[in-house]
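Down below are the structures I want you to see.
Each of the next two complexes has subunit A plus one other chain: subunit B in the first, subunit C in the second.
Moving on to the complex of A and B:
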């Protein structure tokens, strides 16, 4: 029974949303209601996740586990932000300014580290993977588009070269189309698995 | 020292004297293995030895002194001297009186007396020393024979090149000697090697007195055929000297005449030695004639090499100058033969004195040699027994030592290590190029994006779409990005928002991210929009708008919680997002229900390729991605130089990875090739 209920709920939800798409004028209210449920459930799940995160780190602090100082920082910052937002409101400019002043440099620094890691990976990929079709194609395409990104070749204003550059720049679109087609097929297969009760997540 | 006599054997062919250990006659070269004896051991005929062998074995078995202790009666009073007495008592040859005395002495403990006991103990000790000396001498003698046999083998190997020479150009005596003699430098090596095997109390060098005494004794004993044990040291020394003796025979008369002028300076044999001339063995002549041949062909340059080979073999206690003199003595006579005038040189004078000495030593054999026909001399030595040859490892070690000495001081190719490409120069060049590129980009290149730079097609389309907007047109701006990408997106969006605001377009802001609330403040500040601009939060992103998009009647009824829920009044939806998935959701879930609504996007360079199909299909009116499309408006929040530096760094790192991989492969191939 535990496995049947989630399975039935998933199948019914999928069929309702699918039917609502075909019968648009009549099923508009039902579709909006179902999507609101989805948003509410997602919000509740976010609260549960936040509660689980805080409790886990409180447990680390209580046990004195290695790295509990970081847990202490997380809990303190969470409580401070929660209290500040509850008192001053989420629309308060001062609150938003302080939060933005903390989050923006941290995330920007993380993105800069990602750029450095990508540079290091670009250097090591040939050592680790050797010379293969994948690595060679990756290296050649990366070199080409990095050179194009510099803009030197475009500024030469050579007609033939400009046409070649435009032709080369269409290659990513081809790849993106293939990627999107693959994503669509994957979503379709996932929908069929849910509708026919074959999705593994429903068995848990 | 020269009083030690050896038992000399007579050659069955020429009836000349030879040392007892000689297996070949030093005069005629005939085989004398039948006369072979060991020093200190009487020569017993083979037949006699075979006949007496059972008797000897029986005697050994009956000898109580050679029996095991277990068989002897437990008598702690008996000492080894008593055992000898017992063996003597058993023999029947003792006289009766002596047997009685010994029998009585055996019965009485103190009959022997302290003096007799001490004497007997000394005799036993002497016997042990003598037996040990005999063994050492025998081993030394065996070594010498083996080395000599090796020399003979080497002579055979050298006979082929000498045969190529024309007989007319080479004297007959030289041809004969070349056919018989080994190279002298090998004999020199032989001498040095056998030197250390001498007993400590034996002479290592022949003095004038010793040679004189030896010859006198040899002549006196020639008729008597008496053999006396001669220490192996004297025999080996004589054997070492004999290779020098044939020089006179081989050097012929001119050498003797030439060396006669210096004879007085280096004469170490009395004048009456002519009467003691002994025929010179033919085999020993090879040792000198080979040096002559080498000196004729290669000059005297080989002399130092010979000395280099010899020097490591010398013992510290041995007289090195004497040995060097001996070595040079054997080489110089060739010069005396070829260029007699060169003897004026003092050094050569010293060297040429040696042939005179050798001549004096061997003069005694000249007369007898003249009497003997030359045809009697064997042209080659007999086959050497295998047990007398040098072991292979000994030959290898000798050849290795010789090669090392030859290569000493030379720069050989083997010492040079295989140079592996270190790649440091390439890396240094890349680093310099990187630095130069950085400096040029930061100093020379333009800081802002050039206005005349080419724009991408989606960016141009977006610019055209913005130009078509009129005053009071409503534009919904959806902020859907994180703080990490805020710099890139705000640099693109702020100028565009400013331009729309200038055009009088009504802007409505909506964010789908909680962080969008405070990020919008920064964007509004950069776009110079009023600070009180409302930014609404839309939970659930585009899912929250699907219901209103599907059923416009619901939107028309009004829901005051969100003023932007009704999308129909908007002419353009501008998506500022760093996620292509969210943009796809807007285009796939919202756009189909509202045909009059246009969509445009501002995204990152990384997400732009995914949006290109939507632009190509017309679902997107246009989009701007990255700093490359930042020339749409007036950007002041980023540096174009820094952007180029970043691209150059990425490019250089990628090329560096390729080069390092290629270098690694090249090194590996080089190592495999080396192996």
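Moving on to the complex of A and C:
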């Protein structure tokens, strides 16, 4: 009974939300209400997760675990941001400026790094996976779409070429749709398993 | 009431009902109808995971992604949880149990429930530690940066990325490659799958992403859903072919 009640409540609410998604006018704002509940629960869950994260790192510091200095940085920066936000308010321009001044350069640097790593990984793929039909077609298509992305060929205004380019540009969509159908099927089955309580919490 | 739905809604509804029907049939007939076809990539990936988590006795790092409720509500973001549960059951009493990192508050809480449930199910609640399932950043970049930082540890034997992730996750895959840690990516987003492909990892694509857990835990519902997936795939293929023929014949507008 202890496990059955939450399961029944979960199944019923899942079915109601599913039905409300298809019959929007008849559902009378159920979706909006449930969405509000989900936002509140998600907010609380985030708070719980953050509290747990901070506690875990405080334990690391107390035990002097390897890499505890990073935990110290995390806790100090978290507390500083929290205090700053509580005192000045989260919409305060000075608060946003200071937080942004720390986060934006780091994120920009990471994105720059991703671009470099992506290029290096694309080169390494031939060394790691060898010259196969898959890797060669990957390399050739990357070069073709790089050239098409420049827009130079499109500006030549040759009708046959324009038609060929249009055809080539639809190819990734075909592949993507194939993958998306597969993901959709997998997701549908997963949704049913979750909806009917077949996905346990590990204790089954 | 149904006439008010668009053609896409009607199609989605029909596919959903068909999927549910196939799942129920497979649940009822499972003993007679074990899924025979499990893609090779999934099988290889699973065997590899078992090897690193059980035989080497080292820690398996699982990245569960950063998108369950962050930007929008996306169930695909929770796809790593079933894998985490299946792997955790085999590494509960290892020297280094499975360690997971989430980039979403709800995902972190659910992941912790999975870890706690696994220990409780094994009657070993006293071994449960909250640090086995951690939140590690609430934006894609913060999450990836934190995950990347956790990879170069001598006790790590493998990296599994399962869930909704952006291509930025290539940073983590590259780090794993540099540390000679084998990695497996079962990412549900298309751009993430592309990153997994070039990131020198065993890369699961399409519905394979959702199959790995079923192969691992051999749970009745997972196996039934694998069979139902196959049936649904056949039904969709027939539908697409039929649609194309009708369209060419001018029957469909």
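By definition in this document, the second predicted complex is superposed on the first by the 173 of 204 C-alpha atoms of A that agree within 3 Å, B and C clash if a C-alpha of one lies under 4 Å from a C-alpha of the other, contacts with A are read in each partner's own complex, and residues count from 1 in each chain.
Everything that follows uses one rule, which is that contacts are C-beta pairs under 8 Å (C-beta built on N, C-alpha and C of every residue); 3 or more make two chains touch, one makes a residue touch a chain.
From a predicted model like this one, the values you see are computed outputs, not experimental measurements.
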First, second, both or neither for A:79, with subunit B first and subunit C second: neither
Subunit B versus subunit C as contact partner of A:29, first or second or both or neither: first
Partner chain(s) touched by A:179 [first = subunit B, second = subunit C, both, neither]: both
First, second, both or neither for A:164, with subunit B first and subunit C second: neither
First (subunit B), second (subunit C), both or neither touched by A:97: first
Subunit B versus subunit C as contact partner of A:38, first or second or both or neither: both
Touched partner set for A:139, first subunit B, second subunit C, both or neither: first
Touching partner for A:126 - first (subunit B), second (subunit C), both, neither: first
Which of subunit B and subunit C A:150 touches, first, second, both or neither: first
Footprint overlap on subunit A, where subunit B in one structure and subunit C in the other make contact: 25, 38, 42-43, 106-107, 110-111, 118, 120, 122, 124-125, 176, 179-180
Complex contacts: residues of subunit A adjacent to subunit C: 22-23, 25-26, 38, 41-43, 45-50, 52-53, 55-56, 59-60, 70, 106-107, 110-111, 113-114, 117-118, 120-122, 124-125, 128-129, 138, 176, 178-183, 185-194, 198-204
Subunit B residues touching subunit A - in the complex, by the definition given at the top: 450, 453-454, 456, 482-487, 515, 517-519, 521-522, 531, 537, 539-540, 543-544, 546-548, 550-551, 553-554, 584, 593, 608-613, 616, 628, 644, 646-651, 653-658, 660-661, 664-665
Touching residues (chain side subunit A, partner subunit B) in the complex: 20, 24-25, 28-29, 31-33, 35-36, 38-39, 42-43, 90-91, 93, 96-97, 99-100, 103-104, 106-108, 110-111, 115, 118-120, 122-127, 130-131, 139, 142-143, 146-147, 149-151, 154-155, 162, 169, 172-173, 175-177, 179-180
Touching residues (chain side subunit C, partner subunit A) in the complex: 1, 4-5, 9, 13, 15-16, 19-20, 23, 69, 73, 75-76, 78-79, 81-82, 85, 88-89, 102, 104-106, 108-109, 112-118, 120-121, 130-131, 134-136, 138-139, 141, 144-145, 149, 167-168, 170-171, 173-174, 188, 190, 193, 195, 197-200, 205-211, 219, 221-222, 225, 228-229, 232-233, 236
